[in-house]
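Following this line, the structures themselves.
Two complexes follow with chain A in common, the first pairing it with chain B and the second with chain C.
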Partner chain A sequence: MRKYAVIYKATLMENMQYALNIALGFISYFMMIFVFINLWDYIYSDSSQLIAGYNKEQMIWYIIITEMIWFGTRSATITREVANDIKSGQIAYGINKPYHYTFYILAKYFGEISIRLILYISLAVIVGVSFVGGLSNFRILYLPAIIVVLILGIIINAILKLSISLISFWIEDSNPFQWLYDKLILVIGTIFPVEIFPRWAQPIIRCTPIYVVVYGPAKLIVDFSMEMFFRVLATQLIYLGIAIVIMLFLYKKGVKKVNVNGG
Partner chain B sequence: MYAIEVNGLSKNFKVKIKEKGFKGSLKSIIKPEYKTIRAVDNISFAVEEGEILAFIGPNGAGKSTTIKMLTGILYPQSGGVSVLGIDPTKKRKQLAYNIGTVFGQKEQLWTHLTPYDNFKFFGAIYDLSAKEVEFRIDELRTTFELDEFINIPVRNLSLGQRIRCEIVASLIHKPKVLFLDEPTIGLDPVVKENVRKLIKQMNKELNTTIFLTSHDIGDIEKLCKRIIIVNQGQIVLDDSMENIKYHYLNKKIVEIKLKEEVEWPVEEGITIIKSKGCNAKLEVDTTVKKISDAIKWIDADNIEDITISNVPLEKIITEIYKNVEMRT
Partner chain C sequence: MLMAAKNQFRVCFLSIKYNIMREMINKVTFLTNIFFMMLNNGTFIVQWLLLFQIKEDIGGYTLDQVMLLWGLAACTYGLSHVLFQKAFELPELIINGKLDSFLVQPKNVLLSVITSATNSSAIGDVLYGFVIMCVFSFSFGRLGLFILFSITGAIIITAFSVLVGSLSFWIVRGEMFGTNLTNILISFATYPDGIFKGAVKFILYILIPVGMTNYLPVHIMTNFNPLFMLTVLGYMVMLVIVALYVFYKGLKRYSSSSLMVARM
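Right after this comes the complex of A and B.
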């Protein structure tokens, strides 16, 4: 474990130099939130009205949180870079060291997003409190539980995205699959909560990664309940196990297909 | 005891082929065609513990592919590999703890970190304790004369300094076998000489087995006692440097500068490489004609200067490459 902590620390040190670049990304985040604040302001006739079980304050906070996860955890390290490394054969130079390549990439990824995520969390809190006000249901006591599901959600998302990149061992380009996954998470789960969708579709959505990656953590922040927490946590643990097995399986099979012609 | 054993090792690459133009692109989507390239073709050899071996050949001969199979990066099509008694395909991680690799054209150091931080980083990767790493850095910083730049970020170092750090990073865990793939590429002659000196010193002091590929004849001549030449995936020569020189150095180069111009002889065993006025460069095949016989026709008083030298190793190797290509 120590070696992965060292990889995490080295990447974290590198990314500290780019904190200003991260701050530039705030503009897109802010614009997105601004559009949705206005949209929900228009849709809700008064703040006590409920749509799909959410009042206006909860609905806007929901998108502030899911977009925070979306923007704060984006990185090419687990997507394009891995796919390019596989296609170009550069992966060869990363697999002859005494660590597992996939965990090396994950440690690098978390080193890269740590600073960004902290900055986005701070921004989300500022934007939320300034434009919507505090969440009436939220208690500081819930925070440890929320942090656990938030981190687990980010880990599962990273492993799934890395697994999609590993498909590059077999196909020329894994980016279309990455795009599909991103759009699924973005449209169903990030922009709208699951309850907005037709009743028949909700059980299906709850079985997808959307439930454990964005919906679960965001729902717990806007409307916490112990029952919901345990349900999300249990699903996350199952997902985590399955995601790790898929990732290790794809890597084990794929690494035998590494092709590196020439020096 | 052998540090490396290779038996009947082969590796194929499947390469997609595409006909030219738009039509070709469409065809390659509907019915892709592949060509199999035999990169390494049934090679066998063994390397003794503590030996420095030059594994050379022209571009595309299969050198790097062989190194990658020996280090567990690539899986062979057939044949067996054993490095320090470990099968790289089955126990790559275990092998990684015992070998070091330097790919002259690929960087393994983290460029935003200083060499010192990089060495600490690699020490941790190889599970060394903080104390062990410190001790090892102290040892290597003296040997490799790193004091001047050990605390400057790698991205600000010169190529020579960087290569030295690359070698140190690959030695931090005291590997028993070191694979060097063109370690002196792009370096100036002084730095090249330094790097060679350090490699030799390391081999002598730590008995590290060194597997070297290089296009630089200087590296081979100054470091290695044995050469394996590969071409088109096959071993075309596996011999000691001494034997190669003995067998292939039966030709001598005679450079003569005379006071007065003479008619150069046309005799069997003598080839005139260059002649201009009083100067000439001859190649004498000593199996046909002795050197003394080749120059006895020249009046000793007419000689201003004479140099007799061996054919350069570079020329010998080029000839071996060419002979193989002509045979195939």
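Right after this comes the complex of A and C.
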């Protein structure tokens, strides 16, 4: 475990040098939020109106949080880099090291996104408070529980995305599968809370990663309840277990297919 | 003069043709990329179906009009990336001094640069655009206008990208700035202009040219107006001239990094 902590720390230190690059990425996030503030402003005839149980303030905060998770955790380390390592055979240099390649990538990934996520959280709070105002239902007391589900959601998302990249052992380009996963999270999970979907679709969506990656953490921030917290946490733990098994299985099977020709 | 222009277009055409043929070497990957990109775009239909369940009109648009807007956005974006992919990677070429090999060619530098690569998945965007247009608002007249505005839109996006990308000749962080501006253009392109008010609308029509690539063309396709059409064409010509001027002005400041690269 210590070696992964060292990898995490080294990547974290390296990424602290690029804080300005991260800050420039804020423009895209801000613009996205700006579009949705205008969209929901248009759709809600008045701020007291409820749509799927959410008032305008909660709906905009929901999207500020989900987009923050989306933008704050994006990285090519678990997607393009892994796929390229596999395609180019570069992974051969990762296999013979005294660490597990997948955990090495995850440690590197978290070292990379830690600073960015903290900056995005700060920006999300500033944007939310300035454009929408504070969340009336939010209490500081809920924060530890929210942090736990937020981190677990990010870990599950990273493992699932890494597992998709591992498909590159069998097919040349895993990118199209990443697009589909991203769009599942983005369109169905980020833009709307689950309650907006037709009743028949809601149980299906609750079984997808959307529930544990974006909906759970965002819902708890805009409308916290202990019952909801335990439900999300339990689902996340089940998902985490399944995701790790899938990742290790794909890696174990895939790595046997690596052929190294000199070099 | 005419002969030189004809030769230049022939070179561009061949360059694009060979770029696409190179992408087709692995047919399965090529087709998967296209198919999945169409599927990827298709997921956004869910978003709009849900929004129109909540409210009958959004920003003064009906569902068919939003789909037309989406189709045109996909088509203009796709066409610009299939034909002129390198226009979107210009800052990287400038910063890393990778323009050398284009400077020694006896043809137009900018055209040689921007037509030197293609994005195969963007073919999926173009196809998706046409499918959406045909499914939600087909008529022969509208199809003609759709093709015309896909071309003008692609030229405007490319010119805009060249313009902001050329800032890298002067600004070190021009790369991030340019990418952000292009992303903003794409973010706004699929949402009706009616939801924005005041100064934002002015910015969207003049500074970030999404109004000219998407909004105004959709208004013309639903309610034909020759004056609006001339506005789009005039804006396109003007933006191309400005982009060319800025690129060649910046090119004088370009310094090679003596990088040895093989273009294959």
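Heads up, the rule we're going with is that the second predicted complex is superposed on the first by the 263 of 263 C-alpha atoms of A that agree within 3 Å, B and C clash if a C-alpha of one lies under 4 Å from a C-alpha of the other, contacts with A are read in each partner's own complex, and residues count from 1 in each chain.
As a working rule, a contact is a pair of C-beta atoms (placed from the backbone, for glycine too) under 8 Å apart; a residue touches a chain by one contact, two chains touch by 3 or more.
Remember, predicted model here, so these are calculated numbers, not experimental data.
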{"item": "Touched partner set for A:F110, first chain B, second chain C, both or neither", "value": "neither"}
{"item": "Contact breadth on chain A, by residue count: chain C or chain B", "value": "C"}
{"item": "Which of chain B and chain C A:A92 touches, first, second, both or neither", "value": "first"}
{"item": "Which superposed partner A:W61 touches (first chain B, second chain C, both, neither)", "value": "neither"}
{"item": "Those residues of chain A which chain B touches in one complex and chain C touches in the other", "value": "none"}
{"item": "Contact set on chain B toward chain A in their complex", "value": "13-15, 37, 39, 59-60, 63-65, 68, 71-75, 92-93, 96-97, 101, 103, 105-106, 108, 110, 112-113, 117, 120-121, 124-127, 181-182"}
{"item": "Residues of chain A touching chain C in the complex", "value": "20-21, 24-25, 27-28, 31-32, 35, 38-39, 41-43, 51, 171-173, 175-177, 179-180, 183-184, 187-188, 191-192, 196-197"}
{"item": "For the chain C and chain A complex, residues of the former touching the latter", "value": "26, 28-29, 32-33, 35-37, 39-40, 43-44, 46-47, 50-51, 54-55, 58-59, 121, 173, 176-177, 180, 183-184, 187-188, 191, 194-197, 200"}
{"item": "Chain B-facing residues of chain A, complex", "value": "2-3, 6-7, 10, 13-14, 17, 92-93, 95-100, 256, 258-263"}
